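Have a look at this one before I ask anything.
Should a chain be cited, it is by its letter among A, B, C, D, E, F, G and H, assigned in written order, with residues numbered from 1 in that chain.
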């Protein structure tokens, strides 16, 4: 029923108000529905398929992964407490890569472009590894330096230098505590820097200090993702690197 | 004095502990100082010169701007309460562009690349205008749509469509209140999206709701800057667009 | 271009990856756009047209109101600091009703159904008045009792009794400070209760105490809106009353 | 003793101040007590009997449930860590229905009216199931769609369409993370929408982001309950649906 | 209609469900209402009549005060921004006492008992004065020491000594900043101590530090009221002193 | 050395500045130390001896208790996770009373005065029991009513009535969630009311809602202690009751 | 009365319990009072006399200052909004030094030792000036560098180098926004560093970001004072420098 | 390549913009790198080598410790959950000292200077022990008093007196709950006081109350470190003591 038809039926009294309103709303929705083929969101926004595993049982994650693997060459499972169990279901058929926070089922694509990843301390490893594996999954090369806190400035400089020599398109800085590594690196490179504050720390606002500090920074080329949001930082960096 | 010389003098007792330590620290700093020519940070990281005007008097900002304009073709003054007064000092010599939060002194460079900027409501205008002027200053074209809240999805779709037709390299979403426009747009584009939460709203966590919501979003291609941080979003988007 | 055409052009190599992706996204958006007639959102979700006036100048609000009044019999302007000035533009042509937080331009429709509104103290008046005027604008009768704090339980009972005698469909409780009036009323009526916490109070969490308390309540028939969110409470209560 | 008698005894000096005050207060309370027959609160406010099981032992909950079942056909036990053990005591005599957060002892009544329940992700299941079972207990039909996040708009549209076709009286939206599903659904329906923010999420304000966002939303037909407050949302929706 | 009558009419089908429920609820309320004489709450709980003046105009406060003064010998107006104007209406007829936060209209009663009030700094004066005037209004003697911060322990000791020599029944400690005066005084006296944290201070949690500290104290004889809640502290201390 | 002597030695140059300052500070402290006999703090401030057991091992608590029992007839151990083990050391010699949060070693003294204790729900039991045992230890009679939430007002009235009939000197209200029981009871009695907010609840500010609400209340005769601070409320109520 | 005498009078029944307790407490206090000569607290803890001027009128501050100047050669008035007016009262007799937050009346003493003060931006000037003037008042030399943010590392190095060459005993770092300058400087010097977070910034936790970041830092030689707490940082640094 | 060479190549067009920018940035970094010999940060800032063990496995900490012990006589491992296991690897070769939060491998150096450490309660022991061991590792003598809360002022005075008699250079105060011990001690000594707020406490802001209170204190000679930050307080105090 078109809007015009609807209008006529209301004017002529064929439909009472409640019926007319329901028809109107349904038509609006039906129209949108018929024409939007949501076949392939993964392609549409060009990022890997991710299963958020935190609250799912192993078998729930396995089932969804199987369905996705029918249409996609690879799938990520994030924050699942059942990495080992899920991996066991696919090891015979697929290449598996695994970090504490992330599992990739399926082979990584060939890589284009490059992203530099620097972390402040060894405790930030799980988030750094999540960044790196996500970028592998997207098909972007990574150059990774761990444990390069602001207390050792020359070690930071080495890392940045290597990144620029490899012509990276963006830099990801993974840091907890006061998170000062992110503005320091941002002041050194003519590139977008994506800060990933981690929940590493103790005491006052232990889990939020790095986020607070990165948001408040006056470094103009620094953006931020959620605390421990390695996957998100990697997707953004990957989109920058691949479109370059 | 090299580290070796220092070492020898300590070993031979020529320097006592306090003297040696002071020498050691001074040498470390002196060495770094001599060799780092900090002449031209603007060029090094490739972003416009910005004067943070919030706590400065008009004359302080004018003085700094004058000094910078000797070496740079244009300068930004952000968050000054004295925009009009500052502009008056330069209008005879320079082109001036002005928004509530930002003042550009000097002519904009020719533009390369393009960025899409969408705001949720009319109240977000000052931040949106700050994004747009910053991008002009960097030399990046902008495509701007205002007042495209999530309540009118088709108006959002129009904006996104126009952006993609113009081959934008990144999208900036400026939104207050619950900030839901940012994840919605992020789900529509295969591009990095930079969310700028604004301080528009009332009631519970009025100024922080959009930031909270954007950080918590599961949209993987969405990064965030500080509340009302239009300049920073624009610099990041500009770096993406120009390097593409 | 249909998805099938797109697929063929990719398969045949006619479109490179970047072009194909842009086409794909544009097609998805174009399709949705063509078929969604967003003509009349006000009718679709059946609520009054509201102009959020907080950050708008008087002339901006006047201009938008004029445009809306061409298609709608009445318009609300909320939280404008320019009520008087806006009203002046329309007084010759329209009936005007005004409260501190809200302005209605145009005549109220005939009313169906009824809602009970109770406030805890005289300081809650602006929010209570906003509820009442919004309900008038929707076409719902209101029964209003002010200054009925929990310290005078019999005065609360009188108010509730009158409401039930008039067969109200829902109750709105407007209260600041510790907000205890809302769970107390909720325990007395077999109806949905909508709590509007107000920003009235002083000291610790002065503006948030009533919200905190209403959310934490164990009264099962109590929902909550944002602090000072009178309009929203009234719209929900109005939808309940009119659909009954 | 009436107030008049009290007055006389004070005037004549028969009672000293402390005694008189005690009498006065006692009389006030006694009067209220004698005349308020609190026999049947469950009937008075027309909602199911609920035992808050979170801090009770299995045997405490069983004992209270038994007492209530003497006067009521069914009872809910919410948030008990001892669901299985409690159920075991009643399985021989009663029909039992169970979700992670809620247990119903006794058969559901016949249903009238209908409510639509939509959740954003699989992780929201326990809260969604709590809503659905509560509505069964009240005697209202539910139409349930799970895992309909904002990232797949057409799947949201399908859910809303089905709800409206079935003439639901209200919509419950269960969502964690940024909670953007709630304002999106609210913008599509001419009905009261009750948002249930869940504690699903990670990082910054992980447990509160959805609540913050739903409260801050400008959708006028959206109210909110406490985080994970499924039962409360269901009771309100049930009251709307049954009174319609 | 009694509950029995109601029951019969339901059983016989004379009343349908909705009617019966309304009757039931109305009866419950009516019954309570008829028998509760709420004539004189001020006498019932034995505290002064207080007008909360913060959000009221001068004329609103004057009108309420006049009405109350017909039945009460004195009235308090708290937190009014119109103290001077209100006082002007009553000066011809009544004795007026005034502090920045509080206005008493009417003569103070004769005093019984005594309370010690100590403040930490001169900036706490308005809250201290509010305590003292409220106690005058209740009819309790006060012993007042100002500006006795923890930095001068002997001055604190003098104040406490004088209080005990005068046999005070309770101590009120008014303090901002870190509020350490309250636990220190509490450790010196065998009496109930009521801490009034003030909003005096600057920097981190400037307005809440004293409240936080007083709540966290391990002093067992210390209770707390809201920030700047002088009136409340005085009422509690007054009840203790008068009942002693 | 007196201050005068010190002064002379400085004036004559006998002491250099650093020596003089050290002497001066030492003298100040020495003087105070010699004359303050800190023998018997328990008597001085008239409250029971309490061992804070939360972070102590069983044997640490036992050792301290033994030492105190040499001089005191009874001792309290609060928040120890080792209640059973500690009790075992003293059962042969002493009467033991025990609640989840508190252990009394030694016989309760004879009681004087009375305090009314009311809790909102069964989940508040541990805090209520802590209040009651502390008052036994002080030698004050308690009248206790559990599970009297605001949803059943007549049950609250019964409790208050019994308390007043027994001439209690103060009322303690123990409540979690929205804590509305405290202002309700405060509005019914001409007595000091001490609110003990508990950490019972879920969702938004689950552990702090009752505290927030009690602090924000406008009931003038209500003071508050820390969350779950039963012992402190009881000590204050006990001091009021015994001094009456 | 000594403790022994008291004991005897209790044992013989000469004093009842209440009297004895009051005597006991009074004696304890009297004893302490007699022997603590609080004549000269300024000398005792060796810091300048400070009048906290924030809530005082000009005349109140003037009066206190006059009294102090009778016994002290100089006085500080901090955070007074009446600097000019206060200064006017003393200019004839005393040397005056003035910064936005602080006023010194009286001549500075000769200086010993040195402290390095570095600020991140021009907006931090008032706090930096407060540090410097306080140190002058204590008699410590200052070496001051302004506007040395982390974005220009070589300028930071210059400042640190000069400080060490002058053999400073401590470093004060004054910084707002993300406060990263403090850990950076701390990593460069073998000295105590005192961070003064300022309230300069905007957006998320604008006033608290630097404090959060400095507390969370892993730099082991960094301590922190309250936000904008320049005076306190200077006193600590001064004590270090003078005792060296 | 020098900056001049770079300039020429740009001017002559030999390098395009992207290449030139990369060179420029690389040169800047390379220059700094070549000349900064970061051999010996431990010596440079004169503090012990610390391994942050919280997120490391035993073997990771062991490996790093071994490497450091090749160049340093002693190493600290902080906050490791594997103290015992790590100690076992080194016991044969090194002296080990251990507290709950800290492990020292290697013999303490001879001590110079002295620091006074006072804690408020037995529950603060782990943090106090961390302070003491860190100072041993730095080579500073400690004078330690535990369990000296403000409730026993004479015991505090004893501790302070002993400290001053031993000519300590600084005082560390370790306190949880309301943290009032820190400003009290600060008011007694002419020395820098470093407050270490601990996470000991319960109820409202249980873990943050002492920090809030210490920051808000008006004691001018008090600085603060992070919650439970014993190591940091000790390093600062140690630097003060050794440089004296």
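Note that in this section a residue touches a chain if its C-beta (ideal position, glycine included) is under 8 Å from a C-beta of that chain, and two chains touch if they have at least 3 such contacts.
Here's who's who by UniProt: A, B, C, D, E, F, G, H = PurE domain-containing protein.
Everything numeric here is computed off the predicted structure, so don't read it as measured data.
By count of C-beta pairs in contact, G-H exceeds the other of the chain pairs B-C and G-H. Between A-H and the choices F-H, G-H or C-D, the pair with more than half the same contact pairs by residue number is F-H.
With centres set at the average Cα position, the gap from chain B to chain G is 36 Å.
Chain A and chain E have CA centres that are 54 Å apart.
Spacing of chain E relative to chain F, judged by their CA centroids, is 23 angstrom.
In chain E, 21, 25, 28, 32, 36, 41, 44-46, 52, 151, 153, 187-190, 203-204, 208, 211, 215-216, 218-219, 226-227, 243 are the positions where the chain touches two or more neighbouring chains simultaneously. Within the complex formed with chain C, the chain D residues making contact are 41, 44-47, 50, 52, 169, 186-192, 194, 211, 215-216, 218-227, 231-233, 235-236, 239-240, 243-244.
Across the interface of their complex, chain A is touched by residues 149-151, 153, 177-180, 183-184, 187, 201, 203-206, 208-210, 212-219 of chain G.
Those residues of chain G whose C-beta lies close enough to touch chain B in the complex are 121-123, 151-155, 157-158, 160-161, 164-165, 167, 188-190, 200, 202-204.
The part of chain E that touches chain C in the complex is made up of residues 21-22, 25-26, 28-30, 32-33, 36, 38, 41, 52, 54-56, 60, 79, 199, 208, 211, 226-229.
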